[in-house]
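Have a look at these structures, which come just after this line.
What follows is chain A paired twice: with chain B in the first complex and chain C in the second.
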Partner chain A sequence: MIEIRHLTHTYTSGIHKTDAIRDVNLTIADGELMGIIGHTGSGKSTLIQHLNALLKPTSGQVLLDGVDIFDSKAIALKEVRKNVGLVFQYPEYQLFEETVYKDIAFAPKNYGCSEEEIKERVLAAAKTVGLKENLLDKSPFALSGGQKRRVAIAGVLAMNPKVLVLDEPAAGLDPFGREKILYEVEKIRAQRGISVVLVSHSMEDVAAHADRIAVMHDGEMKMCGTPAEIFAQDQVLEEMRLDVPQITKILNALRKMGIAVPEDIFKVQEAADWILQNVPFTKG
Partner chain B sequence: MIEAKEVSFSYDDEETNTQKIVVDKLSLTINKGEFVAILGHNGSGKSSLVKLFNCVNIPCAGKVYVDRLDTTDEKVLFDIRSRVGMVFQNPDNQLVATIVEEDVAFGPENLGVPPLEIRKRVDDALKAVDMYAYIDAAPHNLSGGQKQRIAIAGILAMQPEYLILDESTAMLDPMGRREVMDTVKRLNRQGMAVILITHYMEEAAQADRVIVMEEGRIFMDADPKKVFSKVEEMKSLRLGVPQAAELAYCLKKGGLDIGETVLTPEAFVEAFQRRIQ
Partner chain C sequence: MLKDITLGQYFPGDSVVHKADPRMKILITLVFLIGLFTVKSWLGFLPVLVFTVFVIRISQVPFWYVLKGLKAIAVLIAITGCFNIFLTEGTVWFQIGWLKATYEGLNLAGFMLVRICMLIVITSMLTLTTTPIMLTDGIESLLNPLKKIKVPVHEFAMMMTIALRFIPTIMEETDKIMKAQSARGADFESGNLLQRAKAMIPILVPLFISAFRRADELAVAMECRCYHGDQNRTKLRQLHFSGIDALAAVFTLLVLVFQFVIEGMTL
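The block that comes next holds the complex of A and B.
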């Protein structure tokens, strides 16, 4: 479990001080998939960089299973980074090893795992993200964009983190690649029971995959709730430079027509199934 | 008019020591004033194709002509580049100056446009993308959508005939995407040809014509309604359709056919209402 308490980060440049984030509070349970949305510059990146102590807060705390990660007497920085894995945007540009295997093995090797343990972790991580074993001996640079991204995520997973933070893992991928990565993120959460934080600009993606969504705006967390609770606020979201998924726009219109579509439907197939079962129509 | 005639493009694959063909004997005509979206999965050849249109890529076989100018003729390189402008994906690495107006002036300055004319072009370009109020701003203080609109203004200042956007909305938040789409649609209405590469099906649905690429060739070339009625084909190409069209398709499979292909939530709701009454 990771708890963010009264987190504030102030950037100073010359005499100017800007709060990048201000008094953010958020708890992410084990096995929970938390989506974070917000406009460019709303503080999402600053927030997630605190989760593995890349940034130190101006004030406030981040607790990992009850331990303050910025208290060096309580927990070593190395332990923090091992337990909270951060996958940056476009992580495929961060691959550097000769083979896919070596790239994924980099972190466990640095953490002093035995060869046997390393192998076990690399194979498990590769399997989770859907990389076939015959790719492990190839150069990561010979892979497609989507595959490279999987290697980068596997490299973080190989640390066996308790919390996995992904910044726009699907950006720039084609619709199929996008769906596949998000399916794998859900699988990671289900198989490993870890907390997953998913930062995204796609309302469709967070609506369909997150358990809860936190909304950042101008450095503050303005809302946090289930997709149904968040996307019921369509006007507030638009004022915050965000949007609701297309499917939600459609279902909201049906609701206005008096069709009581449940609030928690965000997948197209589920919406179709519900309509077919509940809306009377003549076949043909 | 941009004409591709049996054009091919390949590059050396260092891993396997072979030539990788990414555009394969492709023929295509894009007219002035058209709004064309190009779809295709990662690696299908979209970017390589459009880079043939402004001499970033040079054909290894076949020809590309821009307003009858041959892209392999080095003497007309500048002429072609000022006719075909391109905006890329990352808003943070295509602005070169520290002040917005200087950035927009960069293109015409390099083309040797006289100073007074540059002044006018910069002002007009910033007004066209609705960023005139930011003329003195520093680019790094702008949002992603604003940066992309400055990049578009920088292209407009060269007075091109064709504007290419290569996944220029991929890194933007929802409002940034809307801003860029509204801007290019407005420019298109004023006569600019727009060639839009995107992975967002909702954006492609706003074009007049959609080209679907696969393995360096054209798989489909039709209006958006026609293209997005082929749900299974699009999925088999690792693509998709707008959620409104997908919902209509799922309902049709279940026996509830709402009629014509719909591309937007509004069109879906209208057709749905007609059908169940």
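The block that comes next holds the complex of A and C.
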């Protein structure tokens, strides 16, 4: 479990100071898929870099299973980073090894795993993110963008983290690629039972995959709750320059017409199925 | 850690010093550097010192920030100081073995210390208050006469502009890659020299790849806009010589006159 308490971070350059995040409070339970959403520059990336102690807070705390991760006496930095795996925005730029295998093996090697264990972890991580085994001996630079991203995610998964944090894992991919990556993120959560933090500025993606959503706006956490709770407040969201997913708009319109649509439908396919089955005029 | 290097860095602000013509700032800096080397007595430093302190005040750059640049050359200062103290002939101050420290050496070392520090502070002030782009524009403009004798001034200035333009980008990228590799348990701080050098590979490989990619993209972008070097180019930012620059020039001359008067009196 991760608890973020009164977290504030101020960047300083020259005489300019930027309050990137202010007094953020958030708890991520074990096994939960938490979506973080907010417009560009709202402080999402800054927030998540505190979760594995890459940034030190100006004030506030982050507790991992009750232990303050910035207290070097309580827990070593390397230990924090092993437990909280962080995948950066556009992670394909961090690849450097000759082969995909070696690149995924970088993290377990840093943590002193034996050769057998490394092999086991690499194969498992590659399988989870949907990389075929024949790619493992290729150079990571010869892969497609989506494949490179999978290699980078596998590289973090190979540490067997308790919490996986992904910063915009679907950014810059085509709609099909986006859906596949997000589906794999959900698969990781299901297979390994770990908590996942998913950062995105697409409402669609977060709504369809997250258990709870935290909304960031200008460095502050404005709302936090289940997708149904969040999207019920579509006016507030609009003021923050965020939009509810299109599918939710359609379902809301149906609700206004007096049709009792269940609260928990956010995936396009599910909504289509439900409408076909339950809305009278679409039959026949 | 990369952010600690202040020498050659720009400090954003909008003071008079920031707005002054870069050509004037370069010239004033050069004049003072030459002035510093002609100083022969302790009092001779006074006018330049007063002027420098004054400039720092109105530039709104904090004093500690300017002085931070001195940390980078502390070792150099210490070594030259030792050479001066021990290798100058004169009245013996104390002695370690055959090494004699002299009072004349101490005097000379102090003199050098002040001179080097002022040198660094003055040049830092130039780079702290002038964006790299303005700096190269200024240099290109000052070197313009050399074009007559077919020196490719514009091309050099362009190369310098591009190099300077990409320093912050590459620093930012280095920071990002270091963070990404730290997130995978990479350790850059412990181990012996060989291990540390090896630990740089995961940073350098992605950095080079992205630098080459950027260079490639930039070259294509320049070509697409028909960049042809210096032929018939006009500038987006025109340099303007204003009243403030004239005032600064007058001040500079006054400072120089004061320096010579003081030197003349004390000699």
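Definition applied: the second predicted complex is superposed on the first by the 275 of 284 C-alpha atoms of A that agree within 3 Å, B and C clash if a C-alpha of one lies under 4 Å from a C-alpha of the other, contacts with A are read in each partner's own complex, and residues count from 1 in each chain.
Keep in mind that, in the parts below, contacts are C-beta pairs under 8 Å (C-beta built on N, C-alpha and C of every residue); 3 or more make two chains touch, one makes a residue touch a chain.
Owing to the predicted nature of the structure, the values given are computational and were not obtained by experimental measurement.
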item	value
Superposition on chain A - do chain B and chain C clash or fit	fit
Which superposed partner A:276 touches (first chain B, second chain C, both, neither)	first
Contacts of A:145 with chain B and chain C, given as first, second, both or neither	first
Dominant toucher of chain A (residue count), chain B or chain C	B
Inter-chain angle, chain B to chain C through the CA centre of chain A, in degrees rounded to a multiple of 10	70
Contacts of A:253 with chain B and chain C, given as first, second, both or neither	first
Which superposed partner A:88 touches (first chain B, second chain C, both, neither)	second
First, second, both or neither for A:110, with chain B first and chain C second	second
Three-chain overlay, closest Cα atoms of chain B and chain C, distance in Å	5
Contact residues common to both interfaces of chain A (with chain B and with chain C)	141
Touching residues (chain side chain B, partner chain A) in the complex	15, 40-43, 89, 143-145, 167, 170-176, 178, 199, 201-202, 235, 238-240, 242-244, 246-247, 250-251, 254-257, 264-265, 268-269, 272-273, 275-276
For the chain A and chain C complex, residues of the former touching the latter	13-16, 49, 52, 54, 78, 81-82, 85-88, 91, 93-96, 106-107, 110-111, 141, 155-156, 159
Partner chain A, residues of chain C touching it in the complex	10-13, 60, 62, 173, 176-177, 179-187, 201-202, 205-206, 209-210
Chain B contact footprint on chain A (complex, rising order)	38-41, 139, 141-142, 144-146, 168, 171-178, 201, 203-204, 241-243, 245-247, 249-250, 253-254, 257, 268-269, 271-273, 275-276, 279-281, 283-284
